[in-house]
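Note that subunit A is present in both complexes that follow, paired respectively with subunit B and with subunit C.
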Partner chain A sequence: MTDTTKTTHKEPVAVVGIGQTKHVAARRDVSIAGLVREAARRALDDAELNWPDIDAVVIGKAPDFFEGVMMPELYLADALGAVGKPMLRVHTAGSVGGSTALVAANLVASRVHGTVLTLAFEKQSESNAMWGLSLPVPFQQPLLAGAGGFFAPHVRAYMRRTGAPDTVGSLVAYKDRRNALKNPYAHLHEHDITLEKVQASPMLWDPVRYSETCPSSDGACAMILTDRAGAARSPRPPAWMLGGAMRSEPTLFAGKNFVSPQAGKDCAADVYRQARITDPRREIDAVEMYVPFSWYEPMWLENLGFADEGEGWKLTEAGVTELDGDLPVNMSGGVLSTNPIGASGMIRFAEAALQVRGQAGEHQVEGARKVLGHAYGGGSQFFSMWLVGAEPPTR
Partner chain B sequence: MRPPIRDIAVVAFGQTDHRRTSDEQSEVEMLMPVLHEVLDATGLKTADIGFTCSGSSDYLAGRAFSFTMALDGVGAWPPICESHVETDGAWALYEAWTKLLTGEADTALVYAYGKSSPGSVRDVLTRQLDPYYVAPLWPDSVALAALQARALIDAGDTDEPALARIAVRSRRAAAGNPHAQLRGPDVPVGDYVVNPLRTGDCPPIGDGAAAVILAAGDRARELCERPAWIRGIDHRAEAHSLGVRDLTDSPSARLAAENAGAFERPVDTAELHAPFTAQEVVLRKALRIGDGVCVNPSGGPLAANPIMAAGLIRVGEAAARIHRGDSRRALAHATSGPCLQQNLVAVLEGEDR
Partner chain C sequence: MTTTSRPPEVLRAPLVVEFPFTRSLGPVQSAFLTGLRERTVLGVRTTDGKVLVPPVEYDPATADEIRDLVEVAATGTVTTWAWNPRPRPGQPLDTPFAWVLVQLDGADTALLHALDAPGPDAVRTGLRVRVRWAARREGAITDIACFEPDDTAPGARRPAPHAGAFDDPVTGIVAPARLDYTYSPGAAQSRYINALAERRTVGERCPSCRKVYVPPRGACPTCGIATDEQVEVGPAGTVTTYCIVNIKAKNLDVEVPYVYAHIALDGAGLALHGRIAGIPYDQVRMGLRVEPVWTDSPTGGRFPDHYRPTGEPDAEYDTYKELI
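Then we have the complex of A and B:
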């Protein structure tokens, strides 16, 4: 036996189908199975494929306590058409929607399978995520009341380090909620939104206000990933994966940079290396990033290399990240408008793919050719990202 | 299924001593020695590992994101390329295998752990069932396995004395396994837990962890005297509802074995993840395991069944026999879900030099 050279192995991966549910606070009309089935069916329809065309299913969601079902993929095997097929369940905290897509992409890239259905979901109305996150465990530091309490101090640290004006967070929320009005699948459709209303909303975790916080949503997102042969049969333009990576670091340690974690920088660098991006600000047309609290937009702009350290808020303030700006961010309305937690990462990845396929409807960025999808989770410690393009990779 | 495009082997395996309780240890403390064991065996450091993947369950730990604590033990600094599956570690090994196939990494650390002792695992596992129609009835894991055993007996595939012999054989084999929780020929058949299953037909409830290192091509040969090459690996799911399944058969295990190439040549060893005696009967039939095959020389899950790690341990035990030269071609099987709902089969081979 001989070990042949490395990179020649990889099969290019294309996104040929995307489906999601209309995200809402509570889908009381469907079971968990009904919810995931709806997204999967829409992805199949988009690809003009059917259940027998799928070789394997990769499913992701955030903690099982969010619905109160242990390893729900077992119960969902029938609804996802996975009977007789491989079914893999991924769980990497909030980044899981992105990680799930990357694990599915690897099944194609490694030539183990030709066409894979990947899906992520959360049905938050079945339980209560905030308290699901806050189960007391002896001898461990409690998370207290949910994620906002954990992240607010890091936002405060960013503001102090950069001297960003207090209003930047509200600008992000105002933009994302307006973008959501153009996205029929977004959860929050606040037609009467104004900047003044965002700035007057109650303070939840200082400096994060109610309107600068993600909602709790029920929703699912699905994608069909396939190889070159599958892409050639695609009825609509495929999105091509040009790079994808995951990085993790510990939750807490002396010297951890909570404002701009090293794992995020490393993950982005790996994606750019694979995609041969040397100047992300110039070469990437739009970004769909995981912003559960408004201030994370300027923070991630720096972490992902779109702005120098301390400069991210200036892009936001100057309107660069608006839908018609030079670098649109969160065209879909983002996590601030839709947050079925386990699916939130995959929705970012799917929006990036929709953009380069030219299928994003009213929130389409004109001429988007390369778009980054980004997700993070845990204590700013798990990162997953992919860069998709309108053209296949050149190597 | 196409043959793997890159040769990948198990080059190291380690496991804890499996015990009924580990109250004095956190999951991280339980896992750490095992991680060091496999790293020491290969001479690798955390920073040398190309990809890390783990399997565990929040429902056993009783808290959300429980795997994040284990990550601290791995030493994820500088940041590492890492992923996690919410199921048995055998599926983490599968994910790592696909990662290595892409050529993005040459080595992978795979680990899994589970502590069943803090809760009532029979009750906890009911939370795996259909949440609307089945879970509200709280049918526990032993009761469901008993349904399967009864179906086998009714079909004439086995009887209670035959099941007792599987139990005795497993615990006798485990006498030579220092990590086993329940071992020796004197483990009693016991009273019925749920008819027709007696205590002896059920796995011990316990805590444990395991770790495996995978490596590709020449890297595997550098790290291990006799690598256990993964000739094929596949996993398949069945329907969830027990009412639509034939519990006396396992078409998913058979299909996985076929795709893994298990039927191309006979194996000499099989490590089967059959936590209940009757499930070995199902698997022997589905996987066409003849009498000449050495089944569960480690004692199998009837001797130690740390949930979420027990499947990975099957792959590890099969690989370890190849490392030691006790096997040339071995089958490893892992399962997940009620009554063998999901099954993974790996075929491992030693290389003649």
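Then we have the complex of A and C:
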């Protein structure tokens, strides 16, 4: 045992393998087993590992009603090489991809397992999220507006609070869709995208336009997490987890701040404390954040401490969050370009890890050393985040 | 039987959750189900040579991708069973039958299906059975109508290699899912819903933080304390924020565009959601003062149909900004 071990309570966690499917509207050529297998196999190949090298499997997916798969941990065990190993499932609505990665990371950090495969997926083409969110519960008023209608009033509240010009959302969408062109795994590749087209797209839930909303995607994302010994054997540079946290709060309560939920602030603060970040704006190089509707970029910039309250939109407007900006956000194209709901959070975490490993290809941020991955879900009530770095944690 | 005119203390109602999920089959399940349509039972050979029926895409022992399909017999042996005296809707037979695990000749694993037998005395482990094919087959597990007793000797038949290629293969299935619940909103929401029937909105106050919850859940989610003091709120309230919906929702008989708003009723600690009408949609604004409009239509139910402007001056932003 080294001195480092004596002074630390947790095993450092490294990401040594990342795999994604090419996200598309419908993968009719594969079963759900075939879809998750494809991502898992790519993650293993990236790590130059094989099924026997995996000690446990942690899987996450969207709420059961979305696609009618009630026990993915049972049904997908053979596709993920989990037979004879521990396998468990995580469930935190839209943030699940992030929470799943963190549960897997904690198994390594606690030295319960050495190398863990974690995976999240969604086949939206074979499910119905709108239906799953609007079950005809007796005595309750029918939901009047759908998912976009749930979030659009909070966007309006943000605009009112901050005085942000109403074009900011279109800038985010235009940026993310252009970034997606540099990411071969992104779902939407809109080669002829222009800012004018975004701004001329139909208003669905005013103030949210069609081009400012996420698509419905089929896709899976997998990561191989391991300890220091595993990282030492890694053929490619690992990404190191410097901090990770989850927080939750009720959907509705008196005093809930939908624009900037307290659970999100607390979650970020916990991650920064673990990673010894005191000035996220200066110390963090880039962010993959969960932005299903364009306006959530400036909203989360404030919630995550990258801007003071009321100032997030100014970073977006000034181009700070562009791929070549000072704080790039959603280099991969983000949820706005790719949304297999259950996997979307893990894609944020994986894309953050790709950046600090220097493996992000055309959407690589030069010199990215510390990158935040962020996910949220439910009625802005579940948050999960991790900060990954190119160097292992120092304590 | 006696009846009572008093409303029940706690409301209950059936809730049926039902949806036809689609499933893409992938290469192995596609061959298996298409094979059934053609009266051919396919299995898959694992890395160590075992034949799995029904087939899977990945080897349960080695996790290898397995694609080596073989044809097995339509006859086999019961490995275990359970008598089902009262079949439920949607089960393979509507008369009493046995659930059986059948190891088809040539297979190393057993397939779950139904056995048509006159009674439990006619079923035993080791019983020889054969597939009874459905008259109309479409590429589904129900193409095997059920199994029936058979008098052939156990076959030493070796499974024959099969390419798994058929004309017009089945690539997807529809899997209807249905769950039947009895739903109860609980005591607090029952009180709220019953008050709505009298066109009153009644919330409950947290004894600790003094916030009034509408609708009440029986406890304050922040303080974790039971709420028991009932407080009537409204009827008027303030639009705290809103969106204009331009997409016609299924099962909602409202013309678009319409305004979906968060409305803080006077005295409530948080906003509830409702539709604004009686004003052009593009004139709705944050701070607008509104009141409920109740209708007698049978579908209007217990909730206000919509909210309309009261004509009062708009509320100052500072009076509702904490409720956004």
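Heads up, the rule we're going with is that the second predicted complex is superposed on the first by the 379 of 395 C-alpha atoms of A that agree within 3 Å, B and C clash if a C-alpha of one lies under 4 Å from a C-alpha of the other, contacts with A are read in each partner's own complex, and residues count from 1 in each chain.
Throughout what follows, a contact is a pair of C-beta atoms (placed from the backbone, for glycine too) under 8 Å apart; a residue touches a chain by one contact, two chains touch by 3 or more.
What you see is a predicted model, and the numbers here were worked out from it, not measured in a lab.
*Asks:* Touching A:A239, do we find subunit B (first), subunit C (second), both, or neither?
*Replies:* In the superposition, A:A239 contacts neither subunit B nor subunit C.
*Asks:* What is the contact status of A:E67 with respect to subunit B (first) and subunit C (second): first, second, both, or neither?
*Replies:* A:E67: touches subunit B and subunit C.
*Asks:* Once the structures are superposed on A, label A:F253 by its partner contacts, choosing first (subunit B), second (subunit C), both or neither.
*Replies:* Both subunit B and subunit C are touched by A:F253.
*Asks:* For A:V168, decide between first (touching subunit B), second (touching subunit C), both and neither.
*Replies:* Neither partner.
*Asks:* May I ask you to decide whether A:A360 touches subunit B, subunit C, both, or neither, giving the answer as first, second, both or neither?
*Replies:* A:A360 sits against neither subunit B nor subunit C.
*Asks:* State whether A:V287 touches subunit B only (first), subunit C only (second), both chains, or neither.
*Replies:* Neither partner.
*Asks:* Quick one: is A:V24 in contact with subunit B, with subunit C, with both, or with neither? Answer first, second, both or neither.
*Replies:* Neither partner.
*Asks:* Looking at A:D78 after the superposition, I want to know if it touches subunit B, subunit C, both of them or none. Which is it: first, second, both, neither?
*Replies:* both
*Asks:* If I apply the document's touch criterion, which positions on subunit A are contacted by subunit B in one structure and by subunit C in the other?
*Replies:* Comparing the two interfaces on subunit A, one with subunit B and one with subunit C, the shared residues are 31-32, 65, 67-68, 77-78, 83, 126, 135, 137, 139-140, 250, 253.
*Asks:* So in the complex, which bits of subunit A are touching subunit C?
*Replies:* That would be residues 27-34, 37, 51, 65, 67-68, 77-81, 83, 123, 125-128, 131, 135-142, 144-146, 148-149, 152-157, 160-161, 202-208, 250, 252-256, 258-259 of subunit A.
*Asks:* Per the contact definition, I'd like the list of subunit B residues that touch subunit A in the complex.
*Replies:* 1-2, 4-7, 26, 52, 57-59, 62-65, 67-69, 71-72, 76-87, 91, 94-95, 98-99, 101-104, 124-125, 127-132, 135, 216-219, 229, 234-241, 251-252, 255, 336-338, 341-342, 351
*Asks:* Given the complex with subunit B, which residues does subunit A contribute to the contact?
*Replies:* 1-10, 31-32, 62-78, 82-93, 99, 103, 106-107, 109-112, 126, 132-133, 135, 137, 139-140, 245-251, 253, 261-263, 266-267, 378-379, 381-382
*Asks:* Going by the contact rule set out above, which residues of subunit C touch subunit A in the complex?
*Replies:* Its residues touching subunit A are 11, 13-15, 17, 19, 21-27, 29, 56-63, 65, 171-172, 175, 177, 183, 185, 189, 193, 206, 209, 211-213, 220-222, 240-247, 249, 251-252, 254, 257, 260-262, 269-270, 273-275, 286, 301-303, 317, 321-322, 324.
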